[in-house]
Every structure is written in C-alpha cells, then in structure tokens.
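Two complexes follow with chain A in common, the first pairing it with chain B and the second with chain C.
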Partner chain A sequence: MNSLDFSTLGLRAINQKLQSLDPGTNEREWTITNPMGQHAIACGLTAPISVTVDGHAGFYCAGMNQNAEVTINGHAGVGVAENMMSGIVRIKGNASQAAGATAHGGLLIIEGDASSRCGISMKGIDIVVGGSVGHMSGFMAQLGHMVICGDAGEALGDSIYEAKLFVAGSVESLGADCIEKEMTAEHEKTLADLLEKAQINKDAKLFRRYGSARTLYNFDIDQADAY
Partner chain B sequence: MDDKIPQAAPRPSATFDEYTNSEIRRAASTGIYDIRGSGAKRKLPHFDDLLFLGASISRYPLEGYRERCGTEVTLGDRFAKKPLELKIPITIAGMSFGSLSGQAKEALGRGANLAGTSTTTGDGGMTPEERGHSKLLVYQYLPSRYGMNPDDLRKADAIEVVVGQGAKPGGGGMLLGQKINDRVAAMRSLPKGIDQRSACRHPDWTGPDDLEIKILELREITNWEKPIFVKIGGSRPYYDTALAVKSGADVIVLDGMQGGTAATQNVFIEHVGQPTLACIRPAVKALQELDMHRKVQIIVSGGIRNGADVAKAMALGADAVSIGSAALIAMGDNDPFYEEEYRKLGTTAGSYDAWHLGKDPAGITTQDPELASRLDPEKAGRRLANYLKVMTLEAQTIARACGKNHVHNLEPEDLVALTVESAAMAQVPLAGTSWVPGQGY
Partner chain C sequence: MLVEMTSRGPDSAGIAIYRDPVPAGSTKYSLAHDDVNYDWQAMSLALDQQLKTSSTVEQRDTHALLVNDADEEHVKHWLSEFDATIRVVGSGESVEIYKETGLPEDVYERFGLASAAGQHMIGHTRMATESAVTSAGSHPFATGADLCLVHNGSLSNHNRLREELMRKGVSFGSENDSEVAAAYLTWKLRQGIPLKQALEDALDDLDGFFTFCIGTSDGFAVVRDPIACKHAVMAETDDWVAMATEFRAIAALPGAETARIWEPKPATVYAWGNESVAEHIAAPLSSSQDGSSAGAAL
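Now for the complex of A and B:
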C-alpha cells in the first residue's frame, strides 16, 4: 500500500503520480490521506489501480476515470466520476449534485444518498445508489442503468433517452417523457447483477422500472406542452 | 388631359413586409417555428461602418511587401505549458462532425494546416480523420458532452469550454434526425434518426466559481499542457469576459450574433444577443481593467469576411478572429454553381440556410454520402487556405498603411465610424468629428 498525503504533496503532485503509472505497474494499491474536501482529486486516471481517498472529496473526484477503482471514505462533492469511461468509483458516504454526469461506462456506487441531477446525461455508465436521489436525476439520460434503492425526487428521468432507471422506493414525480415500464425477467436479472456487483443487499423484486415513452424523440408541435 | 382620378400606388407595409407576411403564413400552415442554420441575417451595425485613417503627415506608413508586418499570434500562454503558435490571426471556428460531413471537416483541417492556423471540433466529439488532418486542433467541451472522452482531450492542442455562441446565447444545440446516421448516432450514444438536442447548460457546473474548478479539473487531466479557451456568446461581454478570466481561462472566444450555427430557431438567431461590433470594446475593457489585455487573448468571431474585418477587429483589441460561415463559403457553400439545385429546395444561392436538413447541394452540411462526395477535401482545403492567405494579406496591407509592423499594433485611434451607432459601439469618433457617442462632446 502506497500512501500520498494531500496536506504535504498537494493536488498536482498526487494526480501526476497516479496519472503517470504504467498500466502494468505492480504498485496497485494507493491511499490519499488528508484530502480535505479538495477538488479534482484522482481525476484522469488510466491505470487499473486501486485508490482510496481517505476522507471527504470536493468537486470532480475521479473525473473521467478509466480503468481505476477509486473509493472515497467519506462524502463526495459535485460531479463525482463525471464522464467516467470505465472502472469503479465507490462513495461510502453521500454524493453531491451531478454524480456520474455524462459518464460513458464503468460502475459508480454511492452507498448513501445522491443529490440532484444524479446521472444527468449519462451515456452508458451504471450507477447504483444505496439511498435516495434528488430532483431531476436521470435528466436527458442517454444510456446505461441507474439503480435507486431509496426514493427519487421530482422530475425523475426528465427528457430521458434510452437509459433504464430502477427505483425501489417512491418517486415524487416523473419528468417529461419518462414513464413506468414493464419489468421483465431480463431486467430483473440485469438489476440483480448490478446490485451484486455494487455489493448492496437489496431484493431486485422491490424495484420498478422507468424509461422513455419516446414521444419527444422527433419534434412535434403537439407535444410542445410536455415542457 | 385624362380626367381619371389618379390612384396612389399600392403601398406595402414597412411593418408587415413581404418576409414577415410569408413567415406568418408559414407558421400558420405548419405549426412549427422556423429552424435554420447560419447567423443573424438582419442588417446590423458592423465592421463595414468603420474606416481606417491610414498614415499621413503625423504618421508614416510601412512599405508594402518590403517592410515586415507580423501576423503571428500566441494563444494560451497564461497558464498552459504548450500554448498555440499560429502564423496568422485567423482561426477556424467550432463546427461539428454531424452538422458537417466528414469531407468538410477534413477540408477545414487541410486548409488550416496550409495557412498555419488551428481548426476546432464541435458538438459530437473528435473524429480520427479530423485529428489526422488538423495539425492544430481545438477540442470543444460542450454541455452535451457528446463523444467527450479523456483520450481525445489529451490528443487536442487546446480545449474550448463552450458557454455560449453568438447565434444563440443561452440556447442549446439541435441536430435533427435527418442527419443522424449510424456513425453520428454512435458517436453521440443515441439512437439513429432522433432529434438530438444539446443542453444549454453544462451538466456539472453552474456559475464562475464552479467553472474555475472545472477548468482546474481539465488542466489536471491534461497535465496543465493545453490552453483552455472559454467561448461566450455576445450578450454581456464585459461581465462574461471578466468572469472567464477570473475562472482561469487562457483565451476568451467572443462570438457576436452574426456568428453561425448549424441549426436553431430563427427567432433566437435574430433576436437574442448583440452584434459583434458592440461586443468587442466592452470585452477588451474588462481585460484592460484586469491588466489582462494581451495576457489572456481574445478571439472575436461573428461575421468576419475579409482582411478589413480582421484588421478592424484587431484595432478594437482582438488578438485573433475566427471564421465559420466564411470558411464554408470559401469551400463552396451557397455557390451559384449549384443554383438549379438550390431552386429545387425553394431557395437560391446565397440564401440557403436549411443546414439542419442535410440536403446541402454543395455537400458540406450533410451526412448524405452522395452529396458529401461532391466535396473534394483537398481542393476545398486549398480554396480555404487561399482565402485565409488573402485575408491575411489584406489585413497586413491595412496595418502597413497605418504604419504598424504587426497587426496587433492597430488601435482604435486608427479608426473612424460612418454612423452614430457604429461610433458608439466601437467607441471611435464619427468620421469628420471628434465625437465618440456615449463619451460626451
């Protein structure tokens, strides 16, 4: 285990060290101590390493992650794992707004709650939230899965495209063009696999599925009042 | 003498003119607002309303073709380790693969290379062909983040965070289903054939404090090598420029309302934003007050057409200009050669702006393979390079006549205005007077 102390090394030195690691490196286990809620920690990683941020992180922690497994032993600020391409990001606490925004791949696990716009414009990522999500989560969500073990705030899945949303608790309201959809055995299997991968103990049978009604895919003046 | 009572000639309304009436009929018939490409078409105060004074007894000129007049420009040396070094102060504006054909994007890269300048991606990401054919490529970071990935970010020569654009400050993008073929759909992670609306706000930041952190993240991911541009639409140029500088931008891209777009509502294009001429001085003032003029560079776009426009933008304080619509015209867009086909589409060469429909006879704003094959990227690139070089020579001609050994040495003092409006916007005297409207008598 290699340890990097943020309070003495600072952001640039830590990111430079982690970003420069060769994909075949033997130094696979890293811990960042004293992160102090600073921004852009462990962003832009490319090597298949494991990084633990031992405390709270600010904005864009693990942003654009590729291959790495990042664990935050605390809460995460805005845009955690934004535009992630692959790998795993786990937040032991809660996540602020826009968690997993525009992310193309990988798995984002938020063990606590996520704030508003979780999964906004997601493009293929899988997101599993142990708690609840705030308003406008899944806004313009394009691809991927979002699993919400708690409740969803208002306007869930507004203007959603092809992403699949699963909610175990209540949904305050659905956004434009988002509807409840049939949960097939295949969906239930996908959901169960995601919960298992995320190591979150929740029965897949408790969830309902939401997705796009696809009425807004091509402009139609008679749908203008949907907004 | 005829004893018939003379009749007054039919008098068309200035308010309900022919175009206005046709638009009312079109809206009533279709129930859809008018969507089109290009920028503002209405008559606006512009660079044509300014004149250079030239040298006289009090100033002496430089010899044409004999005495040096520099045109090189460095963009992004505030924080970036690898700023862009351009031979000419004219760049190619962001235009997406999707709105433009692959051949057109290639031609833009080829033309820019020959002229020694940069080109820019657009909404939809970076294609390998575009990267391959562009020596200097600016990668746009847009609200939609279509095709956005860190590998391409690292391949770019600069990153342009797009906050807004002149044709639609405050608006998002739109690429109608007709242009969404398999490749475009895959790059944007969306199904084929659906309308792709790009968000108007970035998904993970709001306001200048957040933008500062976003820029920090982009720098961290790219090892602080890439210049970070911030592109703003011409709405509140003084404040937006100051806030972009505060947020850590290396370069400001300021796009006035004549700047083109691939597609948006006509009402947006014509009624939101300010003319390019009105935007430059407030933005430059913000830079000067922050002691950042020439330290944070400003690129002006929106209606740049010739070397005179380039020189005038420079004189008002720009470090460089950017062209989009003009580059497309240089490559063949709206060429009378295709007049017969334009007429079949219900328009005429020079007026064609249905760029969103993908039926461009010139093969530029299309994804139709047959139409796109009409554009030879090498020839079109050559035409673009010729045009860029002509504009540069024209700007040098004017600068030398004003006694400047670099186009950056042009200054407001070299200009007068032909109209009160342009004098007020450019903050230069009305020709024949010492009166700068808005600055007292």
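Now for the complex of A and C:
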C-alpha cells in the first residue's frame, strides 16, 4: 500500500504520479489521504491500479478514468467520474450533481444518494445508485444503464436516447420522451448482474424500467443493433 | 472558509458578521466611503447636533461603524443629504458588513477579521459577471435590519425588475444584478411579507440562476433556483451549521469529516435560527442549537 498525503504533496504531484504508472506496475494499491474536498483528484488514470480517496472529494474526482478502480471513502463533489471510459469508481457516501456525466464506459457505484443530473448525457457507462437521485437525472442519456435503488426526482430521463433506466422506488415525474417500458427476463438478468457487480444488495424484481419513447429523434428500428 | 473560495472569485470579497448587539432602541450602521481618510468624526458630530443624538463612530479602513439611538430612517435620510458619497452598507442591532475589492485574504486583513468572533457570519467572494468590480457592487447586500444577501449566479431579468422597483421608490447604488435581488427582498419585507414568503415569491419573480444565502439576526436562510444550476452544500454537526458553494470551504471546520453533509433541494427555502426566524420560516430540516455558530461562503 502506497500512501499519498494531499495536504503535503498537492494535486499535481499526486495526479502526475498516478497517471505516469506503467500498466504493468506492481504498485497497485494507493491511498490518497486528506483530500479536503479538493478538485480533480485521481483524474485521467490509465493503469489498472486501485486508488482509495480517504475522505470527501471535490469536483470531477476520477474524471476520464480508464482501467483504474477508484474508491472514495466519503462524499464526492460535482461531476464525479465525468467522462469515465472504463474501470470502476465507487463512492461510499453521496455524490453531487452530474455524477458520471458523458461517461463512455466503466461502472460508477454511488452507495448513498446522487444529486441532480446524475448520468447526464451518459454514453455507455453503467451507474448503480444505492439511494435516490435528484431532478433531471439521465438527461439526454444515450447509452448504458442507470440503476436507482431509491427514488428518482423530477424529469427523469428527459430527452433520453438509448440508455436504460431502472428505478426501484418512486419517480417524481418523467421527462420529455421518457416512458416506462416492459421489463423482460433479459433486462432483469442485466439488472441483477449489475447489482451483483456493484455489490448492492437489492432484489432485481423490485425495479421498473424506463427508456425512450423514441419520438423526439429520427430513430430507425433497423439501426437498433448499432446501439 | 472564504479564503479557501478565493479561486472562485478574486474580484472582491465581503463579510457580514453578527456580533456585539447594541442596546434595544439603538442601531448599528455599517458605512463605507471610497476615501480611506474620510472624516467620520466630523460626520458623526454634525449628525449628533442636527438629530439630537449621541453617536459613537469607529473607523475600519474604508468603512465605519456608527451607533446611535436616533430613528433609523431619519439617520439614513440625513446621511444621504449630508454626503451622498457615504454608502450605508448595512444596519441593524448586530450585523456589521465589510466589503471591498480584492482577495478575501486582503479584505480580512483590512478589516481585522482574521480573528473576529461572532454568532454567525456570511462571506462572499465575487467573480464579476454583470457589473463593474467596485466596493458598491460587492456582496453582501443589505436587505433590511440585520438582513443581508449574497448571491451565486446571474439574473437575467434584473434590468426590468430594477426599473419596476425604482418606480416603487427603491434606490440602487450599483448596476449589479444581485443588488436587484436584495432590493426585491427589501421591498417585499418592507410590506410586512415574512422572509419565507418573500423568498418563495422570489422564485417566481426572479429569472436566472441563483443560490442565495440570506443572513438574519440569529441565523441564515438558503434558497436555490428551480433548476439548481449553482452548487450549494450544507454541513451540520451538533455544534455548527455551515453552507458553502463547495465542500472544500467547509472541509477545514472541526468535525467536517463526520458532519451530516447534503445539498439543499431546488426551489426550497431552508432556514436556521432561533425564535425570530422560526416566526418567519418553518425550517424544513432542522434548527441549530442555542449558541451554535453558522458560517457560509459562496
């Protein structure tokens, strides 16, 4: 275990150290102490390492992540795992606005609640939220899955494309072009797998599925395989 | 808290601190003047002679604290007649408002606030968007006795609203959009509308992005626009409650790591305080204990 103290090293030294690690490095376990809500911690990682942020993180933590597994032992600020490509980001506490925004891949787990615009414009990421999400979550969500074990705020999935949303609790309201859809056995299997991968103990049978009514954009069903 | 927020707005900084309440019947005025050598004593003597009162005045850099037991409206009117270049930036029983251009650290230094103590305090550091970088355009803006407002965001209908308020007799000291929000609240409160109602009306009448923090005599209130465009985070422990634009402003407070941390919901009025605020606002979450401190940094 390698420990990096944010209060003495600062952001750039820590991020440069982690970003420069060789993918085959044997130094796979890292802890960042005293994050003090500072921004852009553990951004742009590419090596398959495990990084623990021991405390509350500020904005854009673990942004652009590839391959790394980042765990935040606390709350995360705005835009956690923004534009993640692959890997895993786990938040033990709550996440602020726009968690997982525009992310192309990987798995984002928020054990607590997420604030507004969770998964905004998501492009392939899987997001599992143990608690509830705020308003406008899944706004213009294009691809991937968002699993919400609690409730969803106003205008869930507004202007959604092909992302799949699963909600166990109540939905305050659905956004434009977002509708409830049939939960097939295949969807339930995908959902159960995601919950298991996220290590969130919730029965897949409790969820409803929401997605696009496909009336807001030119969707040709013949192209469905492309998504 | 405020110094940590320096990178959010290096243009100007301001502080409202609630401390050392004056005796009932007296009023404490926070005055400001562009000239750091302004003769406050001469002003105070003239005021005492003409309004038959006995004032104390204490200069703090470009500001001065004036205390007397004359009628508040008379004093404000007299000051505007005596010298229109004097700005009344705050008034009440306990509030003191200091604001200047420059970094929070420097503003703290100028007004001797680094080690200041009070029941609660609101700070603001500004990145100017809608109007000039001046002391008058800095936050907090007074909105009545012991009331002040700080704003993160930008209002889009402030010109029209300013014209409407001017027609109703409200005066303005800057072109600042946040001052319009403060004037709007002042105007509502003058009509006897409770603070909670005034803030709910603001949700309808103000167009644009805003997270407001409003300082009151014994606490503070928070309201965000319906889209919650601008960040806000709250932290509460048994000993204190704090609000900030970012958690890093709160991180250094004792016990912040284990505080209850959450985000205020959009279009919802929150308030902390004791009796007088409770009369106005039923706090949706919780009220702070007696003697606890509050802070906010935007």
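Following the convention adopted for this analysis, the second predicted complex is superposed on the first by the 217 of 227 C-alpha atoms of A that agree within 3 Å, B and C clash if a C-alpha of one lies under 4 Å from a C-alpha of the other, contacts with A are read in each partner's own complex, and residues count from 1 in each chain.
Methods note: a contact is a pair of C-beta atoms (placed from the backbone, for glycine too) under 8 Å apart; a residue touches a chain by one contact, two chains touch by 3 or more.
Just so you know, these numbers come straight off a predicted model, no measurement behind them.
Visitor: Looking at A:Ala101 after the superposition, I want to know if it touches chain B, chain C, both of them or none. Which is it: first, second, both, neither?
Guide: Only chain B; A:Ala101 stays clear of chain C.
Visitor: Which partner chains sit in contact with A:Leu11 here, chain B, chain C, both or neither? Use first/second/both/neither.
Guide: First partner only, chain B.
Visitor: Should A:Phe59 be classified as contacting the first partner (chain B), the second (chain C), both, or neither?
Guide: A:Phe59: touches chain B and chain C.
Visitor: If we overlay the two complexes on their shared chain A, which of chain B and chain C does A:Met36 touch? Say first, second, both or neither.
Guide: In the superposed model, A:Met36 contacts chain C only, not chain B.
Visitor: In the superposed arrangement, which partner chain does A:Gly74 touch: chain B (first), chain C (second), both, or neither?
Guide: The answer is second: A:Gly74 touches chain C but not chain B.
Visitor: Would you sort A:Gly44 into first (chain B), second (chain C), both or neither based on which partner it touches?
Guide: The first partner, chain B, only.
Visitor: State whether A:Glu162 touches chain B only (first), chain C only (second), both chains, or neither.
Guide: A:Glu162 contacts chain B only, not chain C.
Visitor: Can you list the residues of chain A that meet both chain B and chain C?
Guide: On chain A, the residues that contact chain B in one structure and chain C in the other are 39, 58-59, 78, 97.
Visitor: Can you name the residues of chain A that touch chain B in the complex?
Guide: Residues of chain A touching chain B: 11-12, 15-16, 19, 39-40, 43-44, 46, 58-60, 63-64, 66, 78-79, 82-83, 85, 97-98, 101-102, 104, 117, 120-121, 123-124, 139-140, 142-143, 159, 161-162, 217-219, 221-222.
Visitor: Which part of chain C faces chain A closely enough to touch in the complex?
Guide: Result: residues 227-228, 231, 233, 246-252, 256-257, 261-263, 265-266 of chain C touch chain A.
Visitor: Enumerate the contact residues on chain B facing chain A in the complex.
Guide: The touching residues are 30-32, 144-145, 148-150, 153, 176-177, 188-191, 193-195, 197, 199, 203-205, 210, 213-214, 216-217, 220-224.
Visitor: Mind pulling up the chain A residues that touch chain C in the complex?
Guide: Of all residues in chain A, those touching chain C are 36-39, 55-56, 58-59, 74-75, 77-78, 93-94, 96-97, 115-116, 134-136.
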